[in-house]
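Below are the structure tokens for one structure; questions will follow.
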Amino acid sequence: MTAAALIEAQGVSKIFPGRGVFRRGRPVQAVRAVDLAIGRGEAVGVVGESGSGKSTLGRLLLGLIPASEGRIRFDGEPLDRGSRAAWRRLRRRMQIVFQDPFGSLDPRRRIGAQIADALVIHGLVPAAERSARVGALLRQVGLEPAHATRFPHEFSGGQRQRIGIARALAAEPDFLVADEPVSALDVSIQAQIIALLDDLRLRLGLTLLFISHDLHVVRHLCDRVVVMYLGRVMEEGPVREVFEAPAHPYTRALLSATPRLDAARRARRILLPGDPPSPSDPPSGCVFRTRCAHARPACAETVPALERHGAATRVACIRRDALD
Amino acid sequence: MLVWTVRRILVSLVLIWIVATVIFTVIHLVPGDPAELLLSSGGMAPDPAAVAELRERLGLDRPFLEQYGAFLSGLLRGDLGASMIDEYPVIDEVLLRLPRTLELIAAGAILAVLIGIPVGTQAALRRGTVFDRATSATAALLLAVPIFVVGTLLVLVFAQWLRWMPAGGYVPLAQDPWQHLTLLTMPALAVAKGLVAVVFRMTRAAVLDSLSRDFVRTARAKGLSPSRILVHHVVRNAIIPVLTVLALHMGTLLGGTVLVEYVFNWPGMSTPLLKAVEARDYPMVVGIVLTISVLFVALNLVMDLVYAALDPRIRHA
Amino acid sequence: MRRLAIPGALVAAIVLVALAAPILGLPDPVQQDIAQRLSGPTAGSPLGRDEFGRDVLSRLIWGARASLTVAFASAAIACALGTLLGLLGGWFRGLGELLALRSMDIVLCFPPILLALLVVTLLGPGSGTLILVLAILFLPGFVRVTYAEVLSARSHDYVEAVRALGAGPLRILIVTVLPNVAGPILVQLSLAVAAAVVLESGLSFLGLGVVPPEPSWGLMIRGARATMAQAPLLLLWPCAVLTFTILAMNLLCDALRDWVDPRTASAVRLRAIDRVLPGLLPPARADAVLQVDRLTVEIDTPAGVIRPVDDVSFAVRAGETVAIVGESGSGKSLTAASVMGLLPPAARIAQGAALLDGTDLLRLDEAALRRLRGGAMAMVFQDPMSSLNPVHRTGDQVAEAILAHRPMPRAAARREAVGLFRRVGIADPERRANAFPHEMSGGMRQRVMIAMAIANNPRLLIADEPTTALDVTVQAQILDLLADLRRETGMALVFITHNLGVVAEIADRVVVMYAGQVVEQGETEAVFARPLHPYTRALLAAVPEGDEKPAGIPGVVPPPHALPPGCRFAPRCPHAAPACEAAAPSLESYDGRLVRCVRVAAWLRETASA
Amino acid sequence: MTPTRRSLLAAGAALPFLGAVPARAQRQPGVLRFGLSSFPPSIQPWVNTGTAAATVKLLIYRGLVSFAPDGTLRGELAESWQNENPTTWVFRLRENAVFQNGDRVTSEDIRWNLEQMAAERSTAFYRGQAQRIARIETPDARTVRLVTMEPMVTLPLWFANYHMMMVSPRSPTGAGSLPIGAGPFVLKGQERGVSLDLEPFDRYYKPGLPKLRGVRMIAYADENLRVAALQAGDVDLIEYVPWQAMASIEADPKLRLDAADGPFMYLTFNTTRPHLGDARVRRAIAHAIRREDIVKAAFFGRGSPLEGLPIPPGSPLFDAELATGWRYDPDRARALLAEAGVPNGFSTNILSTAQYGMHKDTAEVVQQHLAAVGIQAELRLPDWATRVTLGNRGQFDISVMGTTTENNDPDGLTNLIDGSLPASYIRSIGLRVPRIEELLAAGRAEFDEAKRRAIYTEMQRIALAEAPIVGLAWRSQGYAMVPEVRGFKALAGALNFFSGITLEETTIG
């Protein structure tokens, strides 16, 4: 898989300096020692709760923020070096769709102009053909070309999310990061957007990183899922395998905590105690141990490595075999 | 917190040094010669030899850099020098005048808060009503009518017609407290004139903002009385931006109360500053400006601390 | 835009009159006629003559040119330069930030009068110098405003989106950041112009401004003050035009502020006092823990009266949980707000009743409602961060709820609050009661909100999306807590959510709402097992659970001012028939359930036969 | 800050009741409250610190002679004086004159004073005059004989000036200390920048004087406020009554105005600038200005036109014909311009100051009238300090100036028109008229009244032709008081600023 990887991260960490008026807060360890490779055309889901570092990982992979440690290569090229021109060329090939459908569009510009930004910046389409191209993009995401002259506030949340996707697609990217694109939407609209992304992915051969806090959303869209907790990867593997047989106690808790329509599944709920620790003061050893029902003193000793478990899954838990 | 404060103080010291250098340079650059002026009072022609001698005695004949060096070394020893007019130590003049200016500004600010916050709150609560419009218009009027017009009218009405209070002047508090306060009233009102408008506008905006917050809904859901909601939740939250802006304006009033001092004969620090510039009394100008800068910087520092005390989010961030 | 018209026209009128001065056929404003000195209004000079016998009207209008030129020019220069510095400082941070902001601190350290005095003395008085002085004075304000706005704009996703497209900093600053910080800068500009007019008069008064004999308002006031006793009107005229100009500028500035701030620019102007003191409501009848009957809420909008809640009925028994579920815009939160008497001021109850233990909440006056709110009925909101007051300790906020209904010493209330903290599962409650909201996690804050709600043993608890903002593991904790509390206290729980999974977990009965109406109501298990209304079915199908791909519902909820004529769901309904659009369906009973669908019988037959 | 905060709260609380409670300080009987135009920057004798300070100095200090209310000289520390020969003056000291430290005023004290003033590093304003005394002889304790370098008819006038007060040689020295004088009042205390309190000196040499039980001098920099303070009853007497208030004070039965023409406005020229070196152009300017307009616009009619050299009408050397030599005559002005080769006028500038209204207003009127004869003048109105420097350096074309001569003797004109004196902002720049200089010197040395008159008449004729300065307007200088103030008198002409001398005879109530 690594050979064909479009994007590859090795030992990537991100530490944000602490902030505060009176005393400098401790540095926030948002992402720690993450290895991840995404193949061409692959869709990878990143799942975790707030503070798990999943959005930071997405921005690291896009090169929007520099990594504190580790290396990221996109199509073989390192992300952190290169001339302005090379950087811009790379930029075009990687795009992002945001969570907040209200904050991600410039309220003061017509949506057509915003979608056309990529065309202008990268000189993709001659000026005369731009409006036609914008129209085509709008149609591609299920809107009308006539909508191009409207302002963002004239659209509903779901429509804005479609516009956001059209803007990202305008650059003709190879790699798309969707950062919780459906979390703010009603369930009925959420399903529409997932279907749209799924459809686009197949038609355009997009490589997709889909960030979500809901495992179930990932299930229908992604090939592979990465479960993160407090900046570290807990479990990683093919969607089906992780769903059928979650190996990490955190994955299990996450799956079981999601409210279910199906009453039968509800009975086996694993209730995690307390709140996640602060990313600026993570526990030693396994970061999950403070909330884990299966934690042993040994869990505090070493940071568990991601190791093969089951057919294609990798799990970071020293007790993975004992728990089966 | 300690590190933060120390860093702030260091940055402030650099700032004050720059201010001192700028004012020292500019005041020497400005045309006009202190010695010449000193000997020209009352439209008299001074003897050029006397002017030259005085220049020498005041050290004005030395090269600029030498004068600057002497000034800096004096400053490091905490010596602001003495007036070129009457050799009165600058620091004494500042210590004498500063409390009066601070008292005036404080009195004005208190009046502004006492009037501006309640009225601003009411205007916000009655947004769009006649009351709101009338008070907003009044605020604009207060801003628009110059202080020297208002001041003269105040004197005309209260001193000359009604004869309720003296036309102006100053009596030390220790000498006659009652007279002192009486004399403070009109200039304080004049200082409050501009501040009230500012406090009013800020309060109105902040209360409107505060009213739309979710915690006001929570307070209602708790079954709290309107007055408690208003005081404890709405105004308590609105007061932070109001105080910040008020402090900024109070800062600009240091040395900015010239007209009030002039119109009401209040012997504050702005008058000697103005007079010192007019007479090119270099040490006095530089000394007073330095004092004002130090106060301004200190005020900002204190306001940040007060801000933190009022807003726990900053205190603990 | 319309609200900009009047103040805009006023300011434009002032500017136009000033511009038109040369063609108005006015007497020469500097031509002295000492013989007519201080003469009152005459035919030739309607406002009289000044201390040099110059025509006052002419000087006022020509003076406007000087005063306004100085004001606009200085504000414009400060605006351009300040915006540039603020943009650079805010965008590039580091050294740029230091230079842009600290250099402004230096300017601020100089008293304005001194600054004016020094600059004027160095350069000589005159309009040009005055413009320079005022521009320097206003510069820090623009830098600060722009800097703050750029900082906040930086964090917006749309700025990051443009960055992600590979745009250079210049393009981002000009195309994306600048237009979005333009609003506050524009407001600052109008403030600066107004302030400049006042300052011009002050500086000219001190002899630091416009050079005579050129007229300016400040010079006129200066001249008139000396002759106040002889010709008081001379003082009145310039002061009056000055005040009028300031007023117009202030109005324009307020209008601009409203215009650029979408929050205050809502179509309906909220009268803030109504948030705190809603008016009285007409009285009526009584019955059970909570029974909502034919509740209808109306709001007047420029587009006409809308009914975001239309004929909603449901009941909750003691110890029971009823979930109200629906997409955004379905009216579920407004329903809850009606019951609590917390409707936004623009909304009014058009009909219906909400009986809490037999008392009609909709007919109570504010004082009686206040006794019930936080007492017999309590509410938990969606966002615990914004719903808690940031400046008060959480323990005090809970104690405040206790004290509002049960007079007792503060210390006792405080002890009781700590007990409540323990009861809602907050570890180390004594310490946590001293914490401020921002020091807590989201889950803990929601526990505080719940502690506050149950402080006075309510008969009814309304929870409006209480877990939507929380992580799923924390959501599970809160759901358990609410279920436990309900079991222990026997309170009735109304749970508003859009999450069907949550409904399935917590609710005994479910009320499905769509576009302001109840479309289906019944036992939760029965409804989820066999949904009767097409909307309920579509909602369930959209949940990404199980092996089937979730199916979205095409289209969006119709806005309340554009409801379809018949069944409101018909435009999105896969089963819609011509009958659906003909008439509005009523809520009818099937198998102990209520369903609002004309085709439900037919559909039942089809599925039964299939 | 604590008392301040408490006082503020009290002030706020008290505000509504101010109407009911008398807010004024109790007036002390026999104490005069005097409204000064500014707080004296210093009251050091010998040093020129302005006219407000002069009033205070005249309370504390005395010189050998002084001006009587009628303007004539009278004895002070000296009871008599005479001119032994053209270069020798003898002063006979009073028997009972004592300094406020109790020491008798002796001839040695006078010698010490004059030597100090003339000393190398002296800052005395009259140092130049003191240096012209060649020898001081003190034959006995009460006799001072002064021998001047050249004949000096005006010498007694020097000793009446408030810049030549006599102080005790045993005065304390050091920063902040004030020399001991021999005047009727002693400085009791002062609130810096606010007020000065004086009490009578009980061993003042004039029996029964001073009559007041004290003087409280309060500074009011704002002229409107000064008038308001008088009208409100805060003070009993004010100096520098603003011209716009004079009419209403005269009309007020509760107030009295005592004003006289004294100081004057005039133009100076930089004769090195184009056209202004030509006497015809200067004369044209002199004829182009309607002086009444200045009197009206700048001084509210409180003054009179000055169409010649500033010699007051009361002076024995006054010549009514010469006094109107530059009367308003625009046609003559145009003719003179044509004669000078600039029939269409020229462009120039007028230096004045925005800091003082009368300078600014005068300049505005002058500008208007010059424009009428074709001279386009641009106003330059910097602050006073800049204006003085520009004036001294000759960086102007025409300047508006206002001053007063040191006394009513025509010798006082020397300062204004003697081109041999160093460049100064009060004189024209670069203009020397040797004949004027000779005549001024001759006038100073001439003891015969009739010959003196002839000298000055000729000098005026030449000045009218050469126009070294151009007189514009006399301005009224006034004091206003409540009627209870008696015995205070405003001195006429240039002596107006010496009016403080009459405070020793003033009573109140």
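Letters A, B, C and D name the chains as they come in the text, with residue numbers starting at 1 for each one.
Keep in mind that, in the parts below, a residue touches a chain if its C-beta (ideal position, glycine included) is under 8 Å from a C-beta of that chain, and two chains touch if they have at least 3 such contacts.
From a predicted model like this one, the values you see are computed outputs, not experimental measurements.
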{"item": "Chain whose Cα mean lies nearest the overall Cα mean", "value": "B"}
{"item": "Winner on C-beta contact pairs when B-C is weighed against C-D", "value": "B-C"}
{"item": "Inter-chain centre distance, chain A versus chain B - centres from mean C-alpha coordinates, in Å", "value": "54"}
{"item": "Distance from chain D to chain B - Cα centre to Cα centre, in angstrom", "value": "37"}
{"item": "Cα-centroid distance, chain C relative to chain D, in whole angstrom", "value": "67"}
{"item": "Shared-contact residues (touching 2 or more other chains) in chain C", "value": "117, 121, 225, 228"}
{"item": "Multi-chain contact residues (two or more partners), chain B", "value": "30-32, 152, 317"}
{"item": "Overlap residues in chain D, where contacts from two or more other chains coincide", "value": "224, 355, 382-383, 385-386"}
{"item": "Touching residues on chain C, where the partner in the complex is chain B", "value": "102, 105-106, 108-114, 117-118, 121-122, 194-195, 197-198, 201-202, 205-206, 218, 221, 225, 228, 235, 239, 242-243, 245-247, 250, 254, 263-264, 269-273, 275-277, 340, 342, 370-375, 378-379, 381, 383, 386-393, 400-401, 404-405, 436, 438-439, 449, 452-453"}
{"item": "Residue ranges of chain B in contact with chain C within the complex", "value": "11, 15-16, 18-19, 22-23, 26-27, 29-32, 124-129, 136-137, 139-141, 143-149, 152, 207-208, 211-226, 228-230, 232-234, 236-237, 240, 251-252, 254-256, 258-259, 270, 273-274, 277, 285, 289, 292-293, 296-297, 300, 310-313, 316-317"}
{"item": "Partner chain A, residues of chain C touching it in the complex", "value": "156-158, 160-168, 171, 175-176, 179-180, 262, 327-328, 427, 441-444, 471-477, 479-480, 498-502, 504-505, 525, 528, 538-546, 549-554, 556"}
{"item": "For the chain A and chain C complex, residues of the former touching the latter", "value": "49-50, 62, 64, 84, 87-88, 90-92, 94-96, 98-100, 103-109, 114, 117-118, 121-122, 153, 156-159, 164, 167-168, 171, 186-195, 213-214, 216-217, 219-220, 253-254, 257-263, 266, 269, 271-272, 274-276"}
{"item": "Parts of chain B lying in touch with chain D, wherever the complex brings them together", "value": "30-33, 36-37, 39-48, 50, 53-54, 57, 85-88, 93, 96-97, 99, 102-103, 106-107, 110-111, 114, 152, 155-156, 159-160, 162-173, 176-182, 184-185, 188, 262-265, 267, 271-272, 278-280"}
